[in-house]
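For clarity, chains are labelled A, B, C and D in written order, and residue numbers in each chain start from 1.
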């Protein structure tokens, strides 16, 4: 295509947007809302994938010990556990540390609330934390520990958290996907209708172009550009918003980085992934919208 | 050269607008298409510039079977044919821009547009009204702009569907003299018309259509058809 | 009765379409409006059915100053006037429905619609084509439907802007005889036309407009205007 | 207006919706999304108003007593407090009850976790709950109690909760209002554009109606009905959804009804308020949309 022609197409597309300024605005807004929701979804999706990956690495089994054990018995137990073939590492977490974590979790009030629970009154059990060699074997190993002759009161492992996380993410994904698909369709139809209005407004010009023998693509191009324009412009605000919100989340949850469950994906890799996805979807919605209207309303 | 061999046109609603047309129009001819309302004149014209496809039969434009042409090549067929209508179909821009629009649409290099537009507006006698808008022009002047637009691309054919239908007699004659002039320069002209006075004065080949059939085809004939 | 006193019409783009029109058309008259393209004939017609407002001067329809009529009362003024155009302006429904549409639009009681539509289609000679669609009708028949629609509401005036512009001579004459018949039944007819043959044959009052001014107003006059 | 004419208007409005089926669907969806958000907002707004109202009624001051007090001293203190002019009622809540509430809040795990905290080990203080005569005087009364000669360790009152609730609700209200206003404008423009398409599709009919002298309202009515129809149909789904979700919330939070903070508005009064508001807003958006397009595109 010649440069002149290209410039002309862009000019015509711009005229189309201008002419139906309000309708274009509505379409851009719809695209923006759609992409915003899609963006939030992407942030969750990426992070959940990231987190489960991280969790896999850190998965640990917590074996609560019966209170009556002496330190010697505890050490022996620990040695036995370390000797198991599936175990990579094991360590003793005394009940004092359990109380400390709980106090911290309660924040300001915790100090007062749990006052007087030190020493003998401490309701927490001593715990042995076990790291399996292969995260996939966590469950088997947990069962082995549960069947351990004596000394172990109860065995917990990440099961609940991981499962709940995956369950929840599956559920959220489905809801968001359905909702998002609905919105995307809506946005595409809005775009197609915006372009339909442009086509109606230009029907005389189009008729003349056909008459004088303009090529089909010469007639179609401005409408495709218009659709893509609406889609891409509609992507700017939600991308910015999603990234700003994510940065805010990272900052405010920054303290949580010590805890595996809150280990969020770093800004850079998430930002690139999410922005590219949002813009790609915006352009796709725009193209789809143009295609619908060009097919249905542009008789060539 | 335009040829039609046993051409039928049946519209979607079942109307048989043309029923077995055989005709041959040579380079440089000037042909009137006459006939009563609903005879199929406009349909005949539309087949020539491929606005409609024949239901049956063959339409050849310069030897090319129009029905067989691929969709994306149709525009190239149309570039050989200029079309003019009763209602001018001008865009709301200056006479110059209306004509230039046609050249831009077929991606003519920019530097070639201006001289060609000026040349053709001069030919139709509008050099001094080049930057007037349609609403500032008389019906006759508007039709001249439409003709300029139709011939700016140097087509082999100029097809006109009742080009004087909206004009008063005086302007009608001006347009006819212009068409005659264009014909003399080598462009084939096919013109559907109801104007008896013009057909009977400016004698040319007359093809009379009635109920979709050619009932008369006469060189230098008169206006009129059976019954 | 239609009266115009020193009526001017200047369009937004500055074109002075009418420049001081004074005219009086009585009940039951039949008037041709002639003049070259762009003279202001259509503008004159549009002022009568209040499509356009005069820029200056007074237009009286049956004694009512059209410019002073409140917006919501304009429809009532329009009900006294039937209008017919060159391009018929029929909707894509049967002849019957096209005419009935006009009665429905002014909220005629349902039981009165059918007999009236049948009566008026009989008057224009379309009793047997009542349920044909526009595309199944000839141009002349389509114009008859348009005329039936215009008079179904028994207006005092029938205004026509080049009603034969799209028709072949034969159909044109049929339409003229129909208009004559309608005129004889008491409806005032005002008709803008380029058709010299008709004006010179069916002699009536002729008002010639040129450049927005009435240059001639002659009972039983000929077609034509100065220069 | 005659019945015949009315029927005709509705028929024409219906034809308009049908003719631009997709565009109408898009407009209805946009209205639905808008009204859903608006509905959720209303649920919050109504409940927050309801809750603050309920809280006002129940506002209480909790005076924690120093642990060393004997039952006699506690009774005396209670009597003194009851004698204060601003006090409506006061009662003693022994520390056993505090522990019970805490256990319940922890659910299943609570029993085990707080095991061994009964009796002497109970870390909760005894508390006197004071009800002021006038909720407005809560703060003053709390200060009075804080300055009480002896026996009172600490004085708490609803201040934090109420303030946070009101702060949060103000913030949410603003965000939702801005977002909702944007969406409502979008929806109105969508409707106006749907109707614009109908007007374009009917321009010939409209021209004829004008010519034969149809009254202005005769021409306008179908478009208004079309707009209102889109608005009202767009209200059905979000109303249902909001009410169903609210019922679910009521059921699942039902246990919480004992606690003032979770005392939600009953279904019936909320349902009526919210449905009426949603439908009214839907119709309003529809009318606004029609008005815009009729004004701008319907030349009469």
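Here are some notes:
Please note the rule applied: contacts are C-beta pairs under 8 Å (C-beta built on N, C-alpha and C of every residue); 3 or more make two chains touch, one makes a residue touch a chain.
The shown structure was predicted, so the numbers you read here are calculated from the model rather than taken from an experiment.
Contact with both chain A and chain C is made by B, D.
In terms of their C-alpha centroids, the spacing between chain B and chain C amounts to 31 Å. With centres set at the average Cα position, the gap from chain B to chain D is 69 Å. With centres set at the average Cα position, the gap from chain A to chain D is 28 Å.
Rounded to whole angstrom, the centroid-to-centroid distance between chain A and chain B, based on C-alpha atoms, equals 63 Å. Counting partner chains per residue, chain D has no residue touching two or more of them. Contact of a single residue of chain B with at least two other chains is seen at no position. Viewed as a contact network, the protein chains form a single closed ring in which every chain touches exactly two others. Pairwise, the chains that make contact are A-B, A-D, B-C, C-D. Looking at the complex, you find that chain A touches chain B at residues 2, 4-5, 8, 204-205, 207-218, 300.
Within the complex formed with chain C, the chain B residues making contact are 11, 13, 15, 35-38, 86, 133, 135-140, 162, 165-171, 194, 196-197. Here chain A touches chain D in the complex through residues 22-23, 25-26, 29-30, 33, 113-117, 121, 123, 182-183, 186, 189-190, 192-193, 196-197, 200, going by the rule given at the top. Contact residues on chain C toward chain D in their complex (touch as defined above): 49, 71-72, 75-79, 82-83, 89, 91, 101-102, 104-107, 109-110, 149-150, 153.
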